[in-house]
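As written, the chain order gives the labels A, B and C, with residue 1 at the start of each chain.
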Amino acid sequence: MQSKKVRFITAFAAVACLLWLFGLGWTVNDYLFGTNGASAFPVSDEEPAPASDEFKIIALGDSLTRGIGDLEGKGYAGYVSDRLKQAGWNISFVNLGIKGLTSVQLAEQMKEMEIGRQIGQADAVLMTIGGNDLFLGGQTLSNLTDEGIAKLEDEYLNHLEVILGAIQASNPDAAVYVLGLYDPFGELEEGAVTSRVVRAWNYKTMETIAEYANAVFVPTYDLFQQNVSEYLFTDQFHPNEKGYQRMAERVAALIIGTGGQS
Amino acid sequence: MSDITLSVKGLRKVIGKRVIIKDLSFELKRGEVFGFLGPNGAGKTTTIRMLVGLIKPTAGSIHICGLDISKQFTRAMRHLGCIVENPELYPFLSGMDNLRHFAVMLSGTGQERIDEVVRLVGMQERVNDKVSTYSLGMRQRLGIAQAMLGRPDVLILDEPTNGLDPSGIREMRAFIRFLAEEEGLTVLVSSHLLHEIQLMCDRVAIISKGEIVRVDSVQALLSREERLVWRLMPYESGKSILSNRTPILNEEEETVTTVYSEREAGEWNRELVEAGVRVLEMNRKLPALEDLFLELTGGESID
Amino acid sequence: MINLVQNEMMKLIGKRRFLIISVIIIVLLSMFTYAQARHAETTRERLGSVDWRTELQQQIVDWQNRLSSAGQWREHLQIQIQQSQYYLDHGVNPSEPGAPTFIRGFVENSAELFLPLLVMIIAVDLVSSERSMGTIKLLLTRPVSRFCILLSKYIALVLSVSLVLFIFGLLSYVISAMMFGSQGWSAPVLTGFSVQGGELDISGVRLVSQWQYILQQFGLAWFISMVVGTLSFMLSILMRSSAAGMGTMLACLIAGAILSSMVSSWDSAKYLFMVNLGLMDYVSGTAPPIEGMTLGFSLAVLAAWMIGALAVSFAVFMRKDIY
């Protein structure tokens, strides 16, 4: 072995050693004794993504949007996107659903800059909200007083207005599809009561939505009215694949009906 | 500088409660080959490792060319070359790189000296090959070359002929004699083979259970213990004639063993012949190490 | 002394240690870059868009969905979400595509286990291999003090660690640049996040260039590797076989990785070296395993372990009898 080679490698390693020592020193200096104040952030002046020929769908809302209960994890929103793709549409799809989300949390989420930016680029917004407000933890069911429900409804409707207002502000052109509630407890003992509550809830939702030109109320109550267990997941609350498919069918039909013009 | 190159005084090693080495003392002179003889486990290797600084003695002192190795280790080691047990070299490096590696650790040893020792052990042809391709004999030679690099005054070789073939053993013996006689080195050789020691050494120390039993010149030691084996015909009368002259030490399968005496053996023979006993065989026999041991240690057997 | 160090380097090169390490890095890197490229591809397929904001938003939402079932990771996840949200709000792409970003992520992920493992390959038999080969007898009967011999070995270790880290950086740059392109050295990175009581503190957040961030990361990775290397070095002296040393060190590293995720209530565990190896987390702003640990604290603990290991190494080596 040439001692030249050894000498070269040794010298090289020594240089590398100094480099890393410098890096370590810099880190220590920066993080332990760092006094360099927060440097100014560059204002992000990126142009919004150029309008592409993609049809952009944003899904907002709770576990239904997320797709809980669907073994494929797509949820109705995923199936809508699938159906449109099958119909030959060029789809860009973002699912921002978070399970357990209530209307107040969604209203909060709407304040995020990035959400606003994304909605701004969207052609269609899909949304399920309110289910958690009404059914949260099943507590409401056990003490179904009319006053209690009325209070929940009022709060919910206020938030819904905030949400829809925010969407309209970000993007006055996007079509907003708000899916109504179904009654998963229709076949239980208290079914008659819960059904009445859900129907009233849906009605008021529809009334609120009517004030926004681009918003469409998509009923789901009827889809789960008959033979409900066939379309529910084993938790008897969330829809299963079949249930989601039926919901998606409806929404996709509505979107296709617009011909991509919003 | 005095003639004494290696001096050991009161060397002692205790591990736990066991005394491994008990108060060894000896001195080696310039130009002599000194044998260290003992069975396995007698403490040869431990002693040698103390001499070369691998093991710290519990008590006693070791001086190499007048330098105490516990106080002036690096200066003392400058005068020492050694192979402890097998010549273990780096198998993944070439012979040359191995020598360079060790030369770096000896100040003032350059490429010329490396070439010189390579020639000394006759390794010119293979020195650039990897050590892993060497035969044991070649490794042994490279080991010697390595030990000679620093022009040592004292060379310590632990079992230098271990694992060598007969011709290799002969070469090694000649080489060791050459180093002592021509180069004036002091060579300390350890072995458990008496034969080995007899052919190589000027003086020998016999060590058993961590103690030196005897230090003497090889001649003095061996002649005292040499035996003569007789095969006689007729056996009984021959035996009785011999036993009148000298004690019978051993008797087996029609042979009689007596001590060997240069002065008297001829006389005994003449008497037997005159008495009409035919001497079929008269064999001078070197004592086995085992016999020597039994003799010197008073019945203590080799472990 | 320089010559002695070169001797040690010659032996390491002769043993093809650096070659073996390079091959390991190349194999793993190819796998990681490929996985990363595939991941990017599937994300693109799923989202139908390549805008990083969309991607990050999706990531945040995915995390939010995991929050309720996250258990003990909940806090960790929340901090991650807040941090990503901060990136999003300030228009800074946390993963600007390109080789430098890949290196950044790769170093961050390999600093605690992978790099120390590579270093161990070298450190763990620096001394014990001499013993098992028997060459230590030749080494220690030279007119050189044992202190110098061990020091030269340690310096060789320091150099080797540096070299391994450099090879690591170079290879990851070359391989990932082929996959993702080489752009992005000056991309902005947000740093200075700190976690106080499970809350993300953004008061110290500042913007640095990616190359600066990477250099700092490598500095920390070097330090971590040095600590592990020094400890392996000590084991190499204490233990006769390289395998035993390797096993012990490996057990420590893995124990550290497991402990880090569950020691939050065992306070004194913060003095163990293996819990402190996550130096990168302080810089990237992830919650430390035990409340109250800081970069300075961890550096001090690791340095103490390193000095202790060195002291033990030299004390034992200089006294040890070689049989």
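The criterion applied here is as follows: a contact is a pair of C-beta atoms (placed from the backbone, for glycine too) under 8 Å apart; a residue touches a chain by one contact, two chains touch by 3 or more.
All values derive from a computational prediction rather than experimental measurement.
Undergrad: Comparing chain centres built from Cα atoms against the global Cα centre, which chain wins on proximity?
TA: C
Undergrad: If you count the contact pairs for each chain pair, which pair has the most?
TA: That would be the chain pair A-C.
Undergrad: Using the average of all C-alpha atoms in each chain as its centre, how far is it in Å between chain B and chain C?
TA: Distance between chain centres: 55 Å.
Undergrad: Report, in whole Å, the distance between the mean C-alpha point of chain A and the mean C-alpha point of chain C.
TA: 37
Undergrad: Chain A to chain B: how many Å between their CA centres?
TA: 90
Undergrad: List, in ascending order, every residue of chain C touching at least 2 other chains.
TA: 6, 10, 14
Undergrad: Indicate the residues of chain B shared as contacts by at least two other chains.
TA: 93, 97
Undergrad: Where does chain A touch two or more other chains at once, residue-wise?
TA: 1, 3, in rising order.
Undergrad: What part of chain C is in contact with chain B in the complex they form?
TA: Answer in residue numbers: 3-4, 6-7, 10-11, 14-16, 133-135, 137-145, 319, 321-323.
Undergrad: Mind listing the chain C positions that touch chain A in their complex?
TA: That would be residues 5-6, 9-10, 13-14, 18, 46-49, 51, 53-54, 56-58, 61, 64-65, 68, 85, 88-92, 158-163, 165-166, 188, 192, 203-207, 212, 215-223, 282-283, 295-296, 299 of chain C.
Undergrad: Enumerate the contact residues on chain B facing chain C in the complex.
TA: Residues of chain B touching chain C: 49, 52-56, 73-78, 80, 82, 84-86, 88-93, 97, 101-102, 104-107, 146, 150.
Undergrad: In their shared complex, at which residues does chain A touch chain C?
TA: Within the complex, chain A touches chain C at residues 1, 3, 5-7, 9-10, 12-14, 16-17, 19-28, 30-32, 34, 36-39, 41-44, 46, 49, 54, 56, 66, 90-100, 112-115, 117-118.
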